[in-house]
Amino acid sequence: MCGIIGIYNHKRAAELATLGLFAEQHRGQESCGMAVSDGRVFRLRKKMGLVKNVFRPDKLAHMQGSIALGHVRYPTRGSSSPFNAQPHVQETLAGPSVALASNGDLVNYDEVRARLECKGIYFSSQNDGELLLKYIVCKVELEGMAIPDAIRSLMHEIKGAYSTVLATRDRMYMFRDPYAIRPMVYGHHEDGTVAVASENCALDILGIHRHLEVPPAGILWVDDQGMHNQPNDPAQYRAVPGCHHCVFEHIYFSRPDSFIFGENVYSVRERIGAKLADSDKGLHPDVVVPVPDSSNFIALGYAKRKGIPFEMGLIRNHYVGRTFIKPQQTVRDESVSQKFNPLPNFFKGKKVVLVDDSIVRGTTIRKIVQLLLRESAAEVHLRIGSPPVMFSCYYGIDTPTRKELIASGNTIEEIREYLGATSLRYVSADELCGCVGEPNEYCYACFTGHYPIEPKETS
Amino acid sequence: MCGIIGIYNHKRAAELATLGLFAEQHRGQESCGMAVSDGRVFRLRKKMGLVKNVFRPDKLAHMQGSIALGHVRYPTRGSSSPFNAQPHVQETLAGPSVALASNGDLVNYDEVRARLECKGIYFSSQNDGELLLKYIVCKVELEGMAIPDAIRSLMHEIKGAYSTVLATRDRMYMFRDPYAIRPMVYGHHEDGTVAVASENCALDILGIHRHLEVPPAGILWVDDQGMHNQPNDPAQYRAVPGCHHCVFEHIYFSRPDSFIFGENVYSVRERIGAKLADSDKGLHPDVVVPVPDSSNFIALGYAKRKGIPFEMGLIRNHYVGRTFIKPQQTVRDESVSQKFNPLPNFFKGKKVVLVDDSIVRGTTIRKIVQLLLRESAAEVHLRIGSPPVMFSCYYGIDTPTRKELIASGNTIEEIREYLGATSLRYVSADELCGCVGEPNEYCYACFTGHYPIEPKETS
Amino acid sequence: MCGIIGIYNHKRAAELATLGLFAEQHRGQESCGMAVSDGRVFRLRKKMGLVKNVFRPDKLAHMQGSIALGHVRYPTRGSSSPFNAQPHVQETLAGPSVALASNGDLVNYDEVRARLECKGIYFSSQNDGELLLKYIVCKVELEGMAIPDAIRSLMHEIKGAYSTVLATRDRMYMFRDPYAIRPMVYGHHEDGTVAVASENCALDILGIHRHLEVPPAGILWVDDQGMHNQPNDPAQYRAVPGCHHCVFEHIYFSRPDSFIFGENVYSVRERIGAKLADSDKGLHPDVVVPVPDSSNFIALGYAKRKGIPFEMGLIRNHYVGRTFIKPQQTVRDESVSQKFNPLPNFFKGKKVVLVDDSIVRGTTIRKIVQLLLRESAAEVHLRIGSPPVMFSCYYGIDTPTRKELIASGNTIEEIREYLGATSLRYVSADELCGCVGEPNEYCYACFTGHYPIEPKETS
Amino acid sequence: MCGIIGIYNHKRAAELATLGLFAEQHRGQESCGMAVSDGRVFRLRKKMGLVKNVFRPDKLAHMQGSIALGHVRYPTRGSSSPFNAQPHVQETLAGPSVALASNGDLVNYDEVRARLECKGIYFSSQNDGELLLKYIVCKVELEGMAIPDAIRSLMHEIKGAYSTVLATRDRMYMFRDPYAIRPMVYGHHEDGTVAVASENCALDILGIHRHLEVPPAGILWVDDQGMHNQPNDPAQYRAVPGCHHCVFEHIYFSRPDSFIFGENVYSVRERIGAKLADSDKGLHPDVVVPVPDSSNFIALGYAKRKGIPFEMGLIRNHYVGRTFIKPQQTVRDESVSQKFNPLPNFFKGKKVVLVDDSIVRGTTIRKIVQLLLRESAAEVHLRIGSPPVMFSCYYGIDTPTRKELIASGNTIEEIREYLGATSLRYVSADELCGCVGEPNEYCYACFTGHYPIEPKETS
């Protein structure tokens, strides 16, 4: 999971890109980066850490230019290192003059990299973005292709998810994989700025309130002549028909105020909650409590449909972060209590519907269920806003291997027993389909194992 | 606003103190610090930044010892500098062997400091905590007093709010001002650890689920003989009778899962919301929306009493922080949009009750009201969970001078007009009194100007 | 003034290069750098500071490879910044795979840079080495030239002094300007290592005790087939016939234990001293004292020829460096006394011959003369090991503009009077010619203004 | 070996102290430090590294005040750490208000520290200076002594070498051990500044050209009334009569331009050289060559007496420093060649007298002798400016344990054979006595084992 931003034609492009990255920080907090063109070369800055720490005003002051690409990263491929941060910039005799940032994971990274290395191309990271950049530069420099043609070639050869922005010293290109797996939108400000982002909340913050989807297999670019759109039929690159948007963008990743794949994220979540409520006909709970913050809207949807109170019974500590102190270090056995604390005297004797967005390994939600029971909740009915996650994702979500997925080797009853909940229900795949307008345009591979792009199983 | 933590008798005291500071980080994000005694001397670390960044595991590894004092700081007196961070440690011939951390502001800091300086005492900061520490060490070292007597003397001489923990190499003392203005609780873990904190959520995280208030003018200490309690009548130090707990701890500062001054914070907030609803008899709104996160429970209380939907219509970006880019830098005019974004298509045509906890200058809430109107909300009824703030606080809250307080020079109607809201109502002082069990034990000076301790007006 | 080193075919090339740089540190103390090829790409490290601080063992451990280029820099063109340090490395699609280090200044830098920029070449520094590298890479990459041909083309186009080493991932090239202005030698170790350096003292330290000159306009390279020598007639590039070695390498720059342009440096210096003595027939001094350390051998030569005692009457403080505290800062008027201190009770009543290598502005030597007089020296006869410096150097020596050169606007008697010396004599140009074996092969432009390569006068 | 400086009554005391430390840098290059009083408290800065790097002008700008103490350190007791650097400053209720810097080693450090620790005194380092400071502060603070009385008490209790400067906020004290083992001088500038230093070259640089010795057991101080001298008979503290100045200050440590223990250092060294020459009646060498730089004056003295040429046949590289690369790392077997290089073609066929100041382990001089023989020197007659070093020093010189001293287990002939020299002669103890004016006032313990203060043998 990552976020991208691209700004074209604003004299303070780096500042706008920083605003966009603020808005997308939820998509990746490990590292961030920015490349800014002053019309001649790109200046690059990338570091581990949050946008607000990496791009302080004094640093931005050194990044003058009217084109800026930015990226926030949550690590999937490659270790936690600034080398694996994006954007990537290609140095040539003309200076560092091409930059690229991308969101999504590639499936045939190893093969393509090996082919490029045979041609003498050097890689300084294990990052997908570098592969995309080197592929294009190689086509352009060594084979004399125009950039749009190089991108088309890329779509034939490189498989996986990519929502990508690329800039030369005076142009900005945007392109997206044929299944449109990850979100990607763009828009124009009335002052002439063009911006592209993973989520439209990053455009909102720039005052761009109308946005368009970059189409599947879309190749767009903007230069001083304006916007250009290369017609490109996605069908030619597809093994299976249609888009395959990641449904987890709605369930978990995207911000609730974003408009993803043509839908309001919060509305989809509320609909999921309502579906869960509809199937709980016989249940008469006292309260609905979300595991904050990602499940808030699912729980709100449940509460409204059911007509019972929504309560924020669990308080989340936003400040714990990664330095999480392990229980063995402190002889306290509940590391989850560092992150979640129940309201005092709240749960006692109550029939609680506890709502979470998904279950991966089940370790955290199990501790939360225990916490509620220890607080003397009478019943804890666990409701999950996604079907059981039984398969790994290869397109940009950091899921563990199958055997670590609790739903891949256990029945729902076994899971319920392990978690200690009074009852457990997942939203069904059919119910989930009912929550989005175009259910056939989504990828459900992590529930079904039907991958639109066949992954190579690796350790 | 600050938070303190003290740990006694745990071999990994620094780790427990770090956990406690995680839980209290909402009380101050500017700087943090810790002093740990290895039984001989204190090792001190304090820096600008969040607890999770300052006290990473590798740093904690160098802070061995069984007594630890910690502090998180939100700046009130003194500039933003690590010198003004707490705890303070006194270096003597015996090494750095006394440490102190305190929450609250002192009213006669300048006078007391001048008196101590006349005796040759040196101050390295402008921080209240250093004054308290130097005062006590001076009494002990130069006048031969026992520490409890020095604290009693302090209570006679130093005026203001202080919830304070002090440690020598083998003892931990806790004391609190006679009006008990700021919160302060302590508790015992079954493994023998004693902990003291600003809020009990910091004890919860340590597995200490029962806690006691440090009484007003209380002087407690723990040594290898156990807990000691110095009887001390607060009346002797009081100009006016009774406790004067800060009511804003309930309205805004404390975490909703804390139990402050004998009350559940979230319950107080929900009651405030209900009071606001009770007075809106004739109003029939479509939704209630909080300004997240501090107003969530007030809005929930309003929604429940009124029987209308609670909706999280504003999304708050937690990642913006202090590097906030000014509008003039980016030609975008709405800096508030960096922090709050409305759900798309949500407000259109709705009668909205917008709930906030308080209004200080009014600049932010004005922009939020405008935002909702621009989203085509039909009506925006603003409801405030505190009475109009008309006077500055001198006991630990960073309020601006009177003339910057919008309520000090304007009628409510004038404020409403400035904000652009359809209607505006504050909870009244009487209603607020009805929300806590012992209303006479609270300080309402910021609403009434009746200060329990008379401040010296300074610029 | 700079120093270069190149190491080929040693598995610890970076360590050998560091040793070489230690030996050449006298040629430049501002910054240093190294590029090491692991057979694939170059790893680069360059920083302000001394070799011993920049290339500590822990840093060397990260610079594995069998080819290493190193550089020490004394600033001439370009500001004091690590960007202007050498070596330079060219990044391409194949990674950072060409590196270059050079000693000497270019005369037509601006013209050549402008021509390259017109072709789209980007410069990240104002450094001569970058120009040489970009020129060659441009010829190779854009025009398909072989490297030796590119170097030949360079010799036609680029004017000035350059003793240059260039490496690709598996070859090391050495080349030198047609006048062989700066020194450059190479040699083989019996273990197969090939090394090139500015001075042979840097080869000595590696155990390479036999060395050869890189010929004027010489183009040599070494690969896994061994050493290659491209025949190249220097006459084709010369405006005036013959070599034009910098005579100041003997007088001042090179280490006395080096063998430069076919001569022992210390022998040349002793001969200069003897010439000065020969002309002092009527003078009967008590002692000869050098301005340490550069004039030691000239003074020794004088003393031996004259048969009077050589005495180290001035002690030089090696530790003062650049943080020299200005007199106005301390109300002490003799900043020279920070660097030189006289032996106590030494000069009193003595007729002293004071020897220095050259006079540029005259400010320091004036203070030294005053110092000796204040110590009650009876007479101070100043003898200078070079003719009057009347013209600026454009080939690598950091001389000031003409009007700052004391000898360019004053007679010798005027200079003597300004300095306060009893008598003043410079070695004459004729005498100097008599001190080297091939006097026609040297450049005397700073004494005569006859430049082998016509400079563009710039401000 | 360390150096101290103290400045009193100059508004730019820190700058003057920096100049003094520049002049004394030869006495210690590991770390340096300074404490400056602004009349109220001391500001302290100490770091590993050279004075010119630690006290850059920007750092000095933060050290305002009219009293400054400085120190350069060569490590003897305590590890290489900034904690062990000097000066030490005592923090009290009145702030950091006493500072101390000392040169010399203490013999009964462990005992005195243990006694002070029993009284509750805390030590933060293993440094002698901290012991002296804590001892005095303890006497003053806990026992109410005046500082001069505390120093007298110190002289009774603490054994060893100490040339010490101590400052309070408005006074500067100087005192010295009863045997006056290490040098210590002071002087007045006509502008009212008082300065104290290890060597007078540090006073010279300040424009103070007349200096006085701090007498053995002397206790002096300066305040706004002027200079004070506490009469104090050293005999009362002495186990054996007389001063015991370290004779190695003349042979090796001090700068040749200093005036130590009433003698010109360079004169003593030249006399040693002359004594060595006098005993070489039958020897007719071609040249005398010093091991630079410490033996230059001994070799000059030898050459003048003998009437044969003094030649600087070995060039020393000043830039190698501590990062010395070990031979095993580079497969080069002569690490000495990193530091010393012979003049080329110089030694061939010559009868050389090679002069060194002393032999400790013999490893370096052995390699130098080999170097000369490899250069085809006909004969290498090694002459040493001190008697054989057979015993360790406990008063401030970092000598190894006895068994590592080559002269402690071998005859001179055995040493000669090990070194490979044609002949070997040390100056005899009698001859050495003939080189100083007051031979009975010196310590020769490292030659004879007769220690004025009995050391505790430790591992």
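In order of appearance the chains are A, B, C and D, and numbering begins at 1 in each one.
By definition in this document, contacts are C-beta pairs under 8 Å (C-beta built on N, C-alpha and C of every residue); 3 or more make two chains touch, one makes a residue touch a chain.
All of these numbers come straight from a predicted model, not from anything done at the bench.
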| item | value |
| --- | --- |
| Label of the chain whose CA centroid is most distant from the centroid of subunit B | C |
| For subunit A paired with subunit D, centre-to-centre distance based on mean C-alpha positions, whole Å | 66 |
| Interchain centroid distance [CA atoms averaged], subunit A/subunit B, Å | 35 |
| Multi-chain contact residues (two or more partners), subunit B | none |
| Pairwise touch network: line, ring, star, complete, or other | ring |
| Parts of subunit C lying in touch with subunit D, wherever the complex brings them together | 12, 15-16, 18-19, 22-23, 25-26, 29, 50-53, 55-57, 191, 200-201, 204-207, 255-259, 264, 266, 296-297, 300, 304, 309-312, 315, 317-323, 325, 329-332, 334, 337-338, 341-346 |
| Subunit D residues within the subunit B interface of the complex | 40-41, 90-97, 120-122, 124, 134, 137-138, 141-142 |
